[in-house]
């Protein structure tokens, strides 16, 4: 089951080539992950206050199309658990159904001392939420 | 008549003092102006393609409260025309009715050669839209 | 005595109108204030770790020229003390001696509980450093 | 032969977890590529005005350490040519010799109509500049 949330492209997102600046697509991705989490129990602020920091460990991105000022971008996200220590958000940005950017974003959980910890049970359940057949 | 639109605070907006980075409040303000325009006839992209660039000439801001991760901020905007060459957006960011930041943002219109031009009739009408008694 | 430091304009700073995005000039201003502080005793990170947060309370800006990709911008800063509770950075961005943006940035000091405190002695001395005749 | 350029971490780069926001490391990478190009014949602005847009097609990143406010980050870059249509920047961010983030950034050249074109001769030479034994 995919999570979807939409955002408009504003001036802040673009650069002088007339399109969205490449790093800014990752801001859209992060908003999508935040909303995905919030829709499944706890906001990121709540996870942080519980001492669980969700941190990006690695990522890959492919830039298929260029988004421009005024575009509506859908952030489409699913989540899978690779191990008890690592999960992956599979994300793409779509404009009216057309693929713009896709990314695989590996996540780990750290405690407030930035030490690696296991995914809490509720976060492991996100993998099931993301993939009901998974 | 005030224009209102709401945005959530994400990680991208914050800095290591734990609050929204001061310059980023202006991104919220600009989103509010873009939606205000779009709600009254033409999007900023459409104005640009018509050869009318709306550009910030001067601004003042006061920082009243600090917004944090997960806050919902309402951008509240009205518009007045100071002369045929200059308008002002009166804007504030509210969190559940509490004033966070307010700003006065002076706007001018430029042609594609970046020469000052008069506000088009439709943009002058925004002042009336913004202030029905105006 | 003015403090000067220079930064190049990169893609990240620009928007699809082909010039620097208005809010991003404030990033250059903040870099200038950080370097000004660092050149006079303590870095902002050191002030933070001492429990003194320097926070922007209000600002005014005027946009005179538009900077573009590849421009070198000089951030020129002086500092005056308005009271024991408030100081002002007088800042401008110059491109080869030409004024691009100028700003007055009012600063207050907060403790880690975000309560207003007096400027520490060393920061008051910055006003003298900024204006030896002051 | 590696290209190196250094940048300080400012507030604008950080987020409320107290470290550099993940997408912002890509701004450092882009500055490094811009300086690499500028050091080898033409700035990105000059390439753009010649009708050659260097655009990121795909990338991978690994986040090894977290950078914080005040850190000096060295952007270390080399360039290889994968084909006449695609090159790769091999980049890493170092803090006093310690690896912080590394990335492989695939680049293509587009003409002003955003059509794929061959790498110009001068850009192919960058691969040799990047790897004199290559």
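Every chain is named by a letter (A, B, C and D) in the order it is written, and numbering of its residues begins at 1.
Here is the rule we use: a residue touches a chain if its C-beta (ideal position, glycine included) is under 8 Å from a C-beta of that chain, and two chains touch if they have at least 3 such contacts.
In this text the structure is predicted, and so the values were computed from the model without any measurement.
Taking B-D and B-C together, the pair of chains sharing more C-beta contacts is B-C. When chain centres are set by their Cα atoms, the one at the greatest distance from chain D is B. We define each chain's centre as the mean of its Cα atoms; on that basis chain A and chain B are separated by 28 Å. Per-chain Cα centroids separate chain B from chain D by 34 Å. Chain B and chain C have centres, each the mean of its CA atoms, that are 23 Å apart. Contact with two or more other chains is made by residues 11-12, 17, 23, 27, 30, 48, 68-69 of chain B.
Here chain C touches chain A in the complex through residues 11-12, 14-19, 21, 23, 68-69, going by the rule given at the top.
Contact residues on chain C toward chain D in their complex (touch as defined above): 8, 10-12, 27, 30-31, 34, 43-45, 48, 68-70.
On the side of chain C, the complex with chain B involves touching residues 17, 22-24, 26-27, 30, 48, 53, 55-63, 66, 114.
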